[in-house]
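Note that the chains take the letters A, B, C and D in the order they are written out, and that residue 1 is the start of every chain.
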Amino acid sequence: MIRGLTRAGLGDVGTDERLIALAAAEGFGAVDIDAAGLVGRLGAEGVNGLLRRHGMKIGAIGLPVEWRAGDDEFRAGLAGLTEAAAAARVVGCTSCCTYILPSTDHKPAPFMAAATRRLRVCAQILGAYGIRLGLEFVGPHHLRTAWRFPFIWTMEETLDWIGAIGEPNVGLLLDSFHWHTTGLSALDIERLKPEQIAHVHLNDAPAGPVEEARDNDRLYPGEGSIDLAGFLAALNRIGYRGVVSQEVLLPEAPSEPPERLIARSRAGFDRAFAAAGL
Amino acid sequence: MIRGLTRAGLGDVGTDERLIALAAAEGFGAVDIDAAGLVGRLGAEGVNGLLRRHGMKIGAIGLPVEWRAGDDEFRAGLAGLTEAAAAARVVGCTSCCTYILPSTDHKPAPFMAAATRRLRVCAQILGAYGIRLGLEFVGPHHLRTAWRFPFIWTMEETLDWIGAIGEPNVGLLLDSFHWHTTGLSALDIERLKPEQIAHVHLNDAPAGPVEEARDNDRLYPGEGSIDLAGFLAALNRIGYRGVVSQEVLLPEAPSEPPERLIARSRAGFDRAFAAAGL
Amino acid sequence: MIRGLTRAGLGDVGTDERLIALAAAEGFGAVDIDAAGLVGRLGAEGVNGLLRRHGMKIGAIGLPVEWRAGDDEFRAGLAGLTEAAAAARVVGCTSCCTYILPSTDHKPAPFMAAATRRLRVCAQILGAYGIRLGLEFVGPHHLRTAWRFPFIWTMEETLDWIGAIGEPNVGLLLDSFHWHTTGLSALDIERLKPEQIAHVHLNDAPAGPVEEARDNDRLYPGEGSIDLAGFLAALNRIGYRGVVSQEVLLPEAPSEPPERLIARSRAGFDRAFAAAGL
Amino acid sequence: MIRGLTRAGLGDVGTDERLIALAAAEGFGAVDIDAAGLVGRLGAEGVNGLLRRHGMKIGAIGLPVEWRAGDDEFRAGLAGLTEAAAAARVVGCTSCCTYILPSTDHKPAPFMAAATRRLRVCAQILGAYGIRLGLEFVGPHHLRTAWRFPFIWTMEETLDWIGAIGEPNVGLLLDSFHWHTTGLSALDIERLKPEQIAHVHLNDAPAGPVEEARDNDRLYPGEGSIDLAGFLAALNRIGYRGVVSQEVLLPEAPSEPPERLIARSRAGFDRAFAAAGL
């Protein structure tokens, strides 16, 4: 597996170039950034040179399409999606991810139908560029009632939805925080095939009842109570060899400088990977 | 448009052969029956001869697949679906219909995902036989709370769901009772293209508040308060030329003999079609 | 049916605004132009005002995607497709068309697979904007051997391909010249449903053996030997109510001024429609 | 990887029960047999008991649908496909395979369109049962001209076709004989992801020019000139863990008894797996 970083939890890192340099210095092999923005500034060759010099890849981009509102908002994002996909392709990134809020103000059944239709279009477009679409189920209990109606939040429901979307290039974004908050175990991961996983997030959670974990109150990997050793070992066992990116959502910006935070991340990854025997 | 009959509301008509004979005698041009059952008894040539002699066609068959429960129940119906489709094809029937209950005991979003996946398989199989799948939205208000969660019941939601299923051979079953109980007008029909309609049901409703209409308390066409003239005229205006089948769900079996009931149906169709200028 | 014009055969008409004015002056109701280009210059409201003033609509846009070469060329067109579709949508145009060359230098079976995959993506994108994709089969015999291998050129093959693409919003572009050069009759049109036709082209061909008709040697409607009355009457009979656009491909630019040529087109349409009893 | 046997090349083995017993006795872990036939005779529990007793699984079933002729022949197989899929599911078999003849008497482009449409229906049906569809490209040069027109025979073309079919559960059947006769190397396998492979066949070929290898003149694994060590090592390297089944097509029935032939197979597998370091 390739260790990766997102910007979440690292404070103000500055440019993508700086993030890449800092991440590489601490042994990370991937960053999740806005590929199209960077390609826009440096050109494809510039980005590829930068990545090569640092032995780094882009782990995943975010899906730049609003699929949770109306059809007009959805359509407004499609030109941008083709451009994001083209940029990702040219720099060798093959994952594009979005998250599923576990509740919604829309009537859930028609919203599911509309979302299925929209994400199929996104998957088709991404597929033309050789890119996978990763869907992240979101576990924290408080979000299940944050909006009017329950939507979906379990891995099982998400896999079934992926089946309903019906495109070959759609998979899970598996986040350790959501794995934890939906009560999953290593056995649940072992039931997956590696190709069902489009991307992985690594985070930790404070000790305490799972029901009380807050989505934006996460800890650095290895600093909390999630069984990250079990999580990573199971991923390794099924043959997942892709990127595992830290994504520490925090209630407020951290006070330490990015260098320190990334060193802390490295220490957490080291601990968790070692505990997993990796 | 071709006038049709289902068995609903006609009491014990007896064999399909008798239904066909009685329907033809009253000027109907179609019956909605179990094509596979009849082909099983008479053979394809027998059925086609019977239909030809009576100037009759089979309007639609029912979808013989349980798509509202679990995947095991769903799979158990697929062999039967191929056989029903083959029988329908051989006797020239090109519509296969199912209805959508407006509420459900399943969590609605995952149920919508599963139902989308299942109906896509059904549509693909039917498509191989040149048969369309018609989805009937069901309007009566009491059914919207008959099960635990709301599902979908409007024409708009159903059209959007058809888009999510994404197969070219899926359309609406448009029933005048549900058109009425969901508060639609002729204008709503005029926004449709004829190919969006896979089948039509004709029924009437007692006078009184729309909210109180009961699904199994319908009237013969022309004996109630629905604007069937507007309904039929709009269908004709957009170019719908398919079958319009009576389907009178009743709280208990009618006491009149089938011959009388079919004559009553004919009178109702005559009135409604005449009022529509057809 | 709505009479329409393309630029083909009209010489140098100048701006789209001029084409629209001249077409409207001769009673045409549609032009097939580059909607995105015009929207780019005038804005959506500008275009809609212009169209409204002239009682005109945009019949169809061309598919701005290279689907006949490699995947790189294909992908390079997708951003433009989303923009073309957005522009078409905003000005009320619902058809986007491309033609199928009847022979190819690619090995035909893998080319068919690649083309199927690519046109499905295009159809999905267009579908998100409520736009149909029309595929034009191309009949002239000399083109069947213009490239190394035969591809497809009959209506039947094209309909079957549309089935293979499998998206609900794909239909035929039916061109009278190709109808003629593939030996079709009014009966073949009568086997179609109107929704299978996404767009229609009207042209004429010189007298002489069908096998010798050259693709770029067409005549104005009504000036040649094609049974346009039969063609139009059949389209009307099946309920086609969309645009019928003239597209006169010529070996060299015509010498008459556009006003004259459009008046000649009008006369041809008048004759053909009258002969069809329309 | 799991070593498997098909009946090809084993002479008259007798019942499936005997094949299973003989295969198990020589250390094989899978047989490719007609699951529906065996379930029909022994019942699902009978088959599962038999497999359990011998530590055996069913590797793959054949696709019981004629997709290379007309639509009538195709439809005639769909009921049987649902039954075969149901039987395979109940005994834990998750692959269903068919082969692609490299030439055809049909015009290749329309045949590719029809075949794409038909195999998509098959894939949808199989997908409902959790079963994958494996497509086997067929390499021997003499078959490329055995029928009138070339179709497809390379791995690249087959992967592209799988993309055109567009269903998530379609992959390759990779046969060492076709890998050899299409001039592929271990590097070509290393470009695959394991999930792109639905099943594997193991065979050997006589020494001599690749162009002269005959499809029905294969050798037992390890008795010929194919680099099976490279083939197996590459499969192992990319993480393929499924069944590898011997399928020795011979010009005439072998004279040795099945026991001997299966012992010979075992010796060949032993040699090839050892040479691959497995």
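In this text, contacts are C-beta pairs under 8 Å (C-beta built on N, C-alpha and C of every residue); 3 or more make two chains touch, one makes a residue touch a chain.
If you're wondering where the values come from, they're calculated on a predicted model, not measured in any experiment.
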| item | value |
| --- | --- |
| Partner chains shared by subunit A and subunit B (touch criterion as defined above) | C, D |
| Superposition rotation for subunit A onto subunit C, Cα-based, multiple of 5° | 180 |
| Interface with more contacting C-beta pairs, comparing C-D to B-C | C-D |
| Geometric centre distance via CA averages, subunit D-subunit C, whole Å | 45 |
| Chain centre separation in whole Å, for subunit C relative to subunit B (CA means) | 37 |
| Junction residues of subunit C - those touching two or more other chains | 120, 127, 163, 166 |
| Residues of subunit C touching subunit B in the complex | 127, 163, 166-168, 170, 193-195, 239 |
| Subunit A partner contacts - residues on subunit B that touch it in the complex | 107-114, 116-117, 120, 149-152, 157, 160-161, 163-164, 166 |
| In the complex, subunit A residues that touch subunit C | 71, 74-75, 78-79, 81-83, 86, 89, 118, 120-121, 124-125, 127-129 |
